[in-house]
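Each of the next two complexes has chain A plus one more chain, namely chain B in the first and chain C in the second.
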Partner chain A sequence: MNSLLSQFATNVRQNRGFYGALLMLIVLFVVYNFMHPRGFSTPVLVQNANEAVVLGFIAMAQTIPVLIGGLDLSVGAVMTLTACIASELVNGSPAHMIFGMVVTIMSGAAFGFANGIIIVYGRLQPIIATLATGAIAIGLALFIRPKPGGDVDGDLNWAVTNSLFDFAETYHIFDDGKAAWFQPIAWIPVPLIILFGMAAIVWVPFRRSLTGRTVYAIGSAEGAAYMSGLPINRAKIAAFTLAGFFAGCGGLYLAIQTSSGSADIVQAGSYTLNSIAAVVIGGTSLLGGIGGAVGSLIGALILRVISFYFRILSIDPLLQTLVQGLVLLIAVSLGAIRTLRVKNRLELFR
Partner chain B sequence: MSIFPTLTPENKPIVIASVFILAILAVGTAYTLSTQGTAPLLSPNYLLQQLQTGSFLGIAAAGMMMVILLGHIDLSIPWTLTAAAMMATTVGGDLAIPTGIAVGAAIGLFNGLGVAYLRIPSMIFTLGVDSVVRGLMVAHTGGFAPQTAATPIMRFLAAEKILGIPVAIFVWLAVSIVIAVILRRTGFGRSIYATGNREGAAYLSGIRTKAVVVGAFVTSGICAGVAGVLLAGYSAKAYQGMGDAFLLPAIAAVVLGGTRILGGQGRYIGTVVGVILIVLLNSVLSIMQMPEAGRQVIYGTVIISMLLVYGRTAKITS
Partner chain C sequence: MAQDMTQDMTQDQAFLELTGISKNFSLTRALDEVDFSCKRGSVHAILGENGAGKSTLIKIMSGVLQADSGTMSVEGKPVHFLTPSEAAASGIVCIFQELSLIPDLSVAENISLSNPPRRFGLIDKKHQNVIANELLARIKCEDVDPNSLVRDLSLSRRQMVEIAKSLGKKPKVLILDEATSALTSRDVETVYGLLDELKNDNVTSLFISHRMHEVERLCDTLSVFRNGRHVETFGKGERTDRDIVRLMIGRDVDAHFPPKPERKAKKPHLIVNDLRWENVINGVHLEVGKGEIIGLGGLDGQGQKELLLAMFGVLRGLEGTITIDGKLANPSSPAEAKSKKMRIALVPEDRKTEGLMLPMSIADNLIASSFNQVTTGFLIDTAKEKAVVAEGLAKLQIKIGSVDDPVATLSGGNQQKVVIAKWLMTDPEIILLNDPTRGIDVGTKQEIYKLMNELAAEGKAILFYSTDYAELIGCCNRVAVMYDGAIVAELEGDAITEEALVAASLNIDTNKGEAA
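Let's turn to the complex of A and B:
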């Protein structure tokens, strides 16, 4: 028992950023629900969850390139591209829809793979290479969808943007969602299950694989990782492919949620920038090697919860942008200040 | 590699980018000759007009280069530029231009202090500052384009011509000379290169690296401020989001001009070449009436392929 506790204490000490973010999210969310005029309720939770999913996926996507010490400025653009693809393909018969979803996510992964190939074999800096490929992704999105629009299956939209009960009712499973054993979990929003489910079945196994460990090793010391015979190129390509994969998931959800696709350059840019903020808030170091996708997920949720506060607090709408900016600045700064922890001044210089 | 045996790593990108500019001009002219039978791309007036619109990007990119030479980045350019333009038109009169520049310098100072003293990664700090400045401007203007207009002198600097040459180009030239002299001839400039190469070594050799970082960010803020004042003069007023189109092209211009994104290497003339390259690429694509989709794809492909020619980093093997 004692050793379990001390193990946990060690874990907390080694992942200070992550646990800090988790605590911050819990406090923010509990206070939010106390302040909400109608208190905690499933509809509010469902709505909140819906708004957080896309950013959650994009933040997870951004994490993996950041872990190798890079940055992927194309995640928002890839999300836009895949949302446009999904708005064309995700409708019709169930088989057709599943095919559309697979194609959507795979095209995100393929774009990420191309990023990885360019960065590894072209030996380009990730930040500038993805800046350029991001423009290409937006261009392709504009080819697919010059004007906003599209058609996504309505049932699917309803089923995945509501609680589990509505999901079961839409597809007539579990006695239309009225089965007795189903009731205790019927209130859980489907978007949260999708988000955390993806993190659990994709990120957690990846992190434990050799390739995943290599991602961390590259971020800590690439030279040492190379000398240890780790598969550096494979890990880098995998990192960007996985980033494209998660961006594809985000794009797919965005298309289903809005029932449309739109090649919106401004939106793509703001998702990319918010993803960096979410990654930092979630305790991942921009220098690489420290952190994880689940932390970024928490970071994305924090960013969204902060924006929920504006609805229940009567802040002058004109000041909202300013308050949002200040909160963002303070949050990312707190996560990133290293000065306070450094014992030797020379350690400050990378 | 062997094609340019005598070129230093600093000059190779500049030569290649210049060759590419000529290639763009040749392709564009071939296109217009075959479709319209004229060659507008080669007329001095057209080129000067393109350079005039390019001068705003050029000034913003000059400031961005100072920061990138340190291995940092300034993502607050869009709203620094917009804020400077909005405050300049708000104040108006003789004080308009000094106000715009002061706003840019103040935001740059704030950026510099955060990056140098709190040691928050510049990518994330300037990003936050950008959204704070945006919030300030939304509170100031109510989220609309301000009603105030640019002063006559701002209009003169941005939109008029002297001897047939747009004044904006002279402003760009003046800024360029100042930046080039700073980088090549002053201790501050040499310290920027030293700090960008290895901050620890620069610090140990007695360079006040924090002051250097602050100085570079202030310069970047001032340049964005000047660009904002000029752009407001060019379009007669300031408006929301006027700076959004400048961030990525500014970074791309600096990098295409051969400045290393990790800092420490790059010549100012390269940034000028990079700006001209991007401006001409855009104008040729619009002459070809390329839809936005194709422009984005070509734009990205050109940057990638040029970097593949000369932007490759050394393989890390130890």
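Let's turn to the complex of A and C:
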């Protein structure tokens, strides 16, 4: 028991950024609910969750390239592209819808794979390669959907943007959601389940694979990773492929949520920038090697909760960007404290 | 049973054999037709001074570098390693001097880094911790928590984790490149015990160390390298220390040195007293007078570079004093070190990263440390700048097309001249030189020696670190030899001989060897 406790203490010490962000999220969210007239209710939670899902996916997408010490400027654009694809394909019979969803996510992953191949074999810097491919993604999105619109299944929209109860009711399962055993969990918003479910079935196993470990090793000390015989190229390609995969998930959800697709350049850019902010707030180092996708998920939720405050406090929404900027600045400053311990000043520049 | 038989049969044959291995790095020949072999269960020392080719040799053995020509075989079968993991698969594992650990991963993750235990395709953390605990127990490091991150460990603990990691690869040949340099004395004993254990298990250890007493205690066979050539291999006790030193030196001195300046000053201008930093500098005392060239010698990595950085204000948390002209100095930054108060200049180790801004122009680089001379208010006076730059170029006879060309377009020798000229333009009193002739052509070397003499004649105090003994002998009034972060010997005048320098670098007493 004691050793478990000390193991947990070690874990907290090693992941200060993550636990700090988690604590911040809990405090912010609980206070928000106290201040909200209908706080701690399912409708509020459902609404909040819906606003956070897409950024959550994009933040997870951004995390993995950041862990190898890179940056993926195409995540927002890939989200836009896949949302446009989904707006064409996710409708009709259930089989056709499932096919459309798989194609949407896989095209995101394929785009990320292409990014990885270009970066590894073209020996390009991730930031510039993805700046270019991001523009290509937007171009493709405009080609698919020159004007906003589309036709996404209405039932699906209702089912995945509400609570589990509504989901069961829509598809007539669990006695239309009235089964007794179902009640304790019926209040949980579906979007949260999708978000954390994806993190659990994709990110968690990835982190425990050799490729996942290599991602961390590259960001931490690429030379040592090479000397240890780790599969560096494979890990880099996997990092960008996964980024594309998560961006595809975000795009799919965005299309279902809005029942449409739109090649919105401004929206793509703002999601990309916010994803970087979420990654940093969630405790991932921009130098690579430290952090994780779950932390970025927390970071994304923090960014969204801050925006909820603006609504209930009726603060001018124009101030929102300013406050988010301040939060980001504080998060980054806390991360820079470790440089005070560096004894050889030359190492500060390496 | 059958396996035991074959093992007995191969006992006396070479396990790892290299034939005619050569390796060139652009202009220099690092290894020249080297033949080398080692037997199973042997503890084999590789000796040689800086640049003898030891590091290149083990890098080729362990797959980090590939030889230009020659062949390598393991148990009689030819091998060709393209990566370190291929070498490890053949049982050749190296503990490198520059650590190969990932700082942001845990000890257990590092130990089974490239081949972790897996369950259902995913890394099994529990089993991974079991492996780590077993290996750490084997090297008596039970105090290291396998869950702690490598970046939180001290240097000596990291080195032990590195050893545990290499043991986990089940080596048949274990290469220890200065593996004991960062260890505490208790850990050194553990490593000694481990080498005995490995010997009993028929594992070969290749041991590279600058500590003669270690070599004498542990090794049964010694090989001496010099100038990229394998000089001789002999059994323990077949040669005296003095003989070994003689085998290590004796290269041809191909450079000619200008006559040394007379030592004029009696009163030291720069005094370093009991300087200490992070277990790397361990109580250095040094005096440099005006008009003197003081050499800094010793094998690589004995704290010489850090000493120069400390005197230039780069290191934080320094203990001890640096006095200039009777006044306490202890610079807190390079900006303060170069100021009118102290007038120190440092020609740094790596001209490409610390000395120059490669894409910027020659003129911009030359003026980089002395902008204060050419500014009026906030603006740079371009006419003044031109004049100052022209003066700097003339002084060092740097051959260039245009001062506006990027400094990257110059040859290595001319680049180094730009670095030196840049610092001379600040009009320093104290000049610290960190291996300024490394990797440059013979002609430019001569010019740098001549320049050092001229500067000394002008009354500058010069501290000159060099990895080339011939330079120290040819240029310096006095040479301070460093070992393990402290100055172990100061040689003056005719006492500066290659033999004395090598002996002092290894911290051994050659007279004792002669007597024995």
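Odds and ends about this structure:
Just so it is clear, the second predicted complex is superposed on the first by the 318 of 350 C-alpha atoms of A that agree within 3 Å, B and C clash if a C-alpha of one lies under 4 Å from a C-alpha of the other, contacts with A are read in each partner's own complex, and residues count from 1 in each chain.
Criterion: a residue touches a chain if its C-beta (ideal position, glycine included) is under 8 Å from a C-beta of that chain, and two chains touch if they have at least 3 such contacts.
Only a predicted model underlies this, so the values are computations on that prediction, with no experimental measurement involved.
Of the two partner chains placed around the shared chain by superposition, neither chain B nor chain C is touched by A:261. In the superposition on chain A, contact is made by A:219 with chain C only, not with chain B.
In the superposed model, A:69 lies in contact with neither chain B nor chain C. Of the two partner chains, neither chain B nor chain C is touched by A:100.
Contacts of A:10 after superposition: chain C is touched, whereas chain B is not reached. In the superposition on chain A, A:289 contacts chain C only, with no contact to chain B. In the superposition on chain A, A:133 makes contact with chain B only, not with chain C. By the touch criterion defined above, A:208 reaches chain C but does not reach chain B. When the two complexes are superposed, the chain touching more residues of chain A, out of chain B and chain C, is B.
Using the contact criterion defined above for the overlaid structures, shared-chain residue A:227 touches chain B and also reaches chain C.
Overlap of the chain B and chain C contact sets on chain A: residues 223, 226-227, 346.
Of all residues in chain B, only 75, 114, 117-121, 123-125, 127-136, 138-139, 142-143, 198-200, 203-204, 209, 244, 248, 251-252, 255, 261-262, 291-301, 303-304, 307-308, 311-318 touch chain A in the complex they form. By the touch criterion given at the top, residues 64, 83-86, 88, 96, 98-105, 109, 113-114, 116, 118, 121-123, 125, 145, 147-149, 152, 277-278, 306, 309, 314-317, 333, 354 of chain C touch chain A in their complex.
Partner chain B is touched in their complex by these residues of chain A: 71, 118, 122-125, 127-129, 131-143, 146, 222-223, 226-227, 263, 266, 269, 273, 276-277, 280, 286-287, 318-326, 328-330, 332-333, 336-339, 346, 348-350.
Those residues of chain A that touch chain C in the complex are listed here as 7, 10-11, 14, 205, 208-210, 213, 216-217, 219-221, 223-230, 289-290, 342-346.
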